[in-house]
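Notes to accompany the following structure.
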Amino acid sequence: MTHLDAREPAGQLEDKWDSFRFDEKLLSPSNKRKFRILVVGTGLAGGGAAATLAEQGYDVYCFSHHDSPRRAHSVAAQGGINAAKNYQEDGDSVFRLFYDTIKGGDFRSRESNVYRLAQVSSNIIDQCVAQGVPFTREYGGLLANRSFGGAQVSRTFYCRGQTGQQLLLGAYAALNRQIARGGGRKGGVTMFYRRELLDIVTVEGQARGIVVRDMVTGQIERYAGHAVVLATGGYSNVFYLSTNAMGSNATAAWRAHRRGAMFANPCYTQIHPTCIPVAGEHQSKLTLMSESLRNDGRIWAPKRKGETRRARDIPESERDYYLERKYPSFGNLAPRDIASRAAKEACDEGRGVGPGGRGVYLDFADAINRLGKDAISERYGNLFEMYQRITGENPYETPFRIYPAPHYTMGGLWVDYHCMTTIPGLFAIGEANFSDHGANRLGASALMQGLADGYFVLPATIMPYLAGQKLSAVDESHPAFKDIEGQVNQRVEKLLAVKGKRSVASFHRELGRLLWTKCGLAREKKALTEAISEVKALRGEFWENVSVPGSSGSLNQALEEAFRVADYMELGELLCRDALDREESCGAHLRTEHQTDDGEAVRDDEDYCYSAAWDWKDEDTPQELVKEELVFESVKLATRSYK
Amino acid sequence: MNLTLKVWRQPSKSAEGSIQTYEAKDVSPDMSFLEMIDVVNDTLMEQGQEPIAFEHDCREGICGACSMVINGVAHGPNKATTTCQLYMRHFKSGETIYIEPWRAAAFPVLKDLIVDRSAFDRIQQAGGYISINTGCAPDAHTTQVEKDAADAAMSAAECIGCGACVAACKNASAMLFVAAKVSHLGLLPHGQAERKTRVLGMVEQMDDEGFGACTNYGECEAVCPKSISTRYISRLNRDYLTASISSEI
Amino acid sequence: MAATKRGLAVLFGSTIGAKTVMAVTGLALILFLLTHMGGNLLIYFGPDVFNAYAKSLKSAGGGGLVWVARGGLLAMFATHVAMAFKLQLRNRAARPLGYAYEATVEASWASRYMILTGLLVLAFVVLHLAHYTVGVFNPDYLTWHDAEGRHDAYRMVVTAFSHPLVALSYVVAMVVLALHLVHGFQSLFRSLGNSHEQAREALSKASLGLALALAFGFCLAPVGVLLGWIQPVEVTQPAPGK
């Protein structure tokens, strides 16, 4: 059986990162420029990494499927970014952030990675402020903080309701500065816009290049380098309806998986509790409203089943503030997985509100009475407007209706402490990897991890890989590139040749509905088993009946979508298999067979305290499960309680 | 509701384009404008025809990808709203709707409603950053920032780079975009060291890209999804002129 | 990618510089219009005051100053017009293909037709100069003198505006000028960098006031003549040459 080595540095938890930094092999500036690094993706992780690597002297090629790096989906994060600055003097520390993250992830993440994340979190804020990120400030001119789900301290930094965009603009500016240097021999970043990664090229078992499609001309292109970094985000769009952008996709990660990179914990998919409910069949995506709303809003459902009165007409005594009732100490700030499941339970009991009864109330009436409408508008004005724009309802007068929606995927490419996948030379950072959030991610931690990986971790961990060996000279004329390019072209032709009757989106919608129903908020054996064979059948139909009009040699959005959906068809199956394998409930993964009588998750540390890494075999053989046993030395495994 | 769509179709950058007519049937008022197009496209694809190509991504009004001129107005009739956040309840059944791409020499059409906005990237590469390498930053609390300045910088930084300002301007001017970008960094203490070179570089690049000049029409602010004020344009003028005549000694 | 343009190159080579030139020349022309209007209104004080004023203008600085002023004015005017053309060509080129469905959300009529109103004002200025300064339509104008031997500007103006069509065309021209200024005046401060919220609002209002005041002030002469507020005077001395 394959063994997974996480390559964690020896020593005390607190010293691991420092000793890694000291022990690593260094590259001199004059040597760095001899290494070409291909960075795929330009969100917080990719943009930050590309800029930082170029600053350090590497020859960086950077790829984005967008027309501009600024559109990467990091842009959409609203609430904030965590850091253990302890500026509020409320008892925060690196260890507390580490502990909250480990506990929030339900003890299914790697201690050393998480501790490092907490350690560099402070540097991120320093870096961003210096870049000109306009964080919200107090009247004294110092940075403001707010609290967030899963924490009892205020450690979240924010920029009104658009922290993601502002952090991304910071990384994008740093990237632009490097692009302006000219790239190649002049130093800096050579930027490739509107390129979709379609495959990874390995030579002698090492990642040495990529094959991409120019999305405007349709040209298939090859790029060779000394290492490849995937910063291509998560796979929530496998559910079709999610809070991810329409273009967010798992193709890069999935292609890497098929070339030998293990895919870990695919069943850890986070369902965000505060999204706007589905309005109808036409729905193309779900809109998230920042979890920060839970700071001042109170979540409730009617006590009575099939309630038909308007929210305002339901008296206080007939409302069930279920989070406050069940989790008195965290109340409305209970972690995401818990809040999401509680909403589902209320709706399953027939107490849901809005179209189809899939929704609960998030009520600001008390907060408005206490603080005044102006204060609420100052804090959340843009979210209130957004909600009104979409639903046509005014949340100052009637409570928000919210429902959980797929939002973030903790699972992803398995990486070691160095952020390297099981393909040497192939690194994965940000949401694309599985590393830091275990079975559930805390709010405001995705931005933290993206920037930690991009600015601080990867640039440090890629160096020993490049310095530690003599990589053979490989360029785009190497036969491996020709071979892979041929395979990519075949796949393109195959998709175009189907000429079926169903649109790509209709397949995607069906896949999403299937996974949401059978592998969504709650999972059980029978449904998962069914789902696996249904996904297989759907995949079969896809390749026989999909309609991809147009040609390969031009801008063709249907073709782009088809590539992505084809990969989701395979990923969806693995998602169900992983969920089936994990006979316990942990974090975002709830197996209905494994819960207490009052619906609390039951974790099984005896048998499932591992990360499940799936190793690709071939088309006809299912992936093999490889376990990375999780060892906890600094924290005690405890039942997660937010009561 | 049923609608008639008049949509600009253009197979490629070099090809000729024209307005084509489509019928959108059984449109729900709760659909977003883009979801309405999705439905039209699904039908086209089922008939083996090429769907209407349009740019879109986050569909929550922040990525700046969507870009349709709807009945002559960039992002359509709702104030402070991107195309993706425009809902069909604002239209009437039986209406005819014109859908066109951003029109500007600096934004060439790539296909149908998709234009090339890389000019915006090049403008930002000409100075839209603060030169600080990763790891060089002092503690975030080293510099206090006046709240008013921080808020004004944030209001400018809200720009999502969609280019509606250019599309709406009668002169296809990019001044509001450049003003927002220059002001965001120029209003913060951290951005002062490069303030002059930044504004000179970005304006020069803006001119080289072939955008028009500002006539203070106010169309840009009116269609801007983030309602960025034209006051920033005046601030840009001031900043630029000051930088251009300044001398080190 | 550091910027290369500084100083004068900025003024004439960049769009912001060009707009600055438009603003400065525009402001200078507005100041000229205000003095011109003030001078015109002296006509209400009778021929003596009016002709004395006309003479003082021509003889100032030994007669040289008027040419300096004319030269300066011409330079301002020509620069304003030339820059306007340059910008207009650029703006046209910035959108080679327009929209099939044209709409306007915010821009005022005045702002959208600056080029048109500007061209009409230009045409008017040419006619106006031909009319009074060169005397193209009636060469006698320049030969009329009053009892003091001064050029009889009063008689010239009154005679001209006695023709209803002439008076009316001046009134129309002033309406066009007002339209040009109602946008131009407030816009010029924005081009020069006024980002102050209250000041911008105040100047927007002032812009309307200024445009109306100038148009009204300039119309007082033709209208006054037509309505008989301003009376022709007895010609005491036949013009030489008659």
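Some observations on this one:
A, B and C are the chain letters, set down in written order, and residue numbers restart from 1 in every chain.
Everything below uses one rule, namely that contacts are C-beta pairs under 8 Å (C-beta built on N, C-alpha and C of every residue); 3 or more make two chains touch, one makes a residue touch a chain.
Here the structure is a predicted model, which means the values were calculated and not measured.
The largest tally of C-beta contacts between two chains is found for A-B.
Each chain gets a centre from the mean of its Cα atoms; the one farthest from the centre of chain A is C. Centrality by C-alpha centroid: the chain sitting nearest the overall protein C-alpha mean is B. Distance between chain A and chain C, defined via averaged C-alpha coordinates, is recorded as 64 Å. Between the CA-based centres of chain A and chain B the separation comes to 27 Å, rounded to the whole angstrom. Averaging C-alpha coordinates per chain places the centre of chain B 38 Å away from that of chain C.
Across the assembly, chain C contributes residues 1 that each touch 2 or more other chains. The set of chain A residues touching two or more other chains comprises 180.
Of all residues in chain B, those touching 2 or more other chains are 125-126, listed in ascending order.
For chain A in complex with chain B, the residues that touch the partner chain are 48, 51-52, 55, 66-71, 73, 75-76, 85, 87, 123, 125-132, 134-143, 159-160, 162, 164-166, 169, 172-174, 176-177, 179-180, 193, 216, 243, 245-247, 279-280, 282-285, 287-288, 385-386, 389-390, 392, 455-456, 459, 499, 501-506, 547, 549-550, 554-558. Residues 6, 8, 19, 69, 71-73, 98, 100, 103-106, 125-127, 168, 170-173, 197, 200-201, 203-207, 210-219, 221-223, 230-241, 244-245 of chain B are the ones that touch chain C when the two sit in their complex. By the touch rule above, chain C contacts chain B in their complex via residues 1-7, 10-11, 14-20, 87, 90-91, 93-108, 111-112, 114, 183, 186-187, 189-197, 200.
Against chain A, in their complex, chain B makes its touches with residues 11-12, 28, 30-32, 34-36, 38-39, 41-42, 44-46, 48-51, 53, 55-65, 78, 80-81, 85, 87, 89, 110-111, 114, 116-118, 120-121, 124-126, 128-141, 143-147, 150, 153-154, 157-158, 160-161, 184-185, 188, 190-191.
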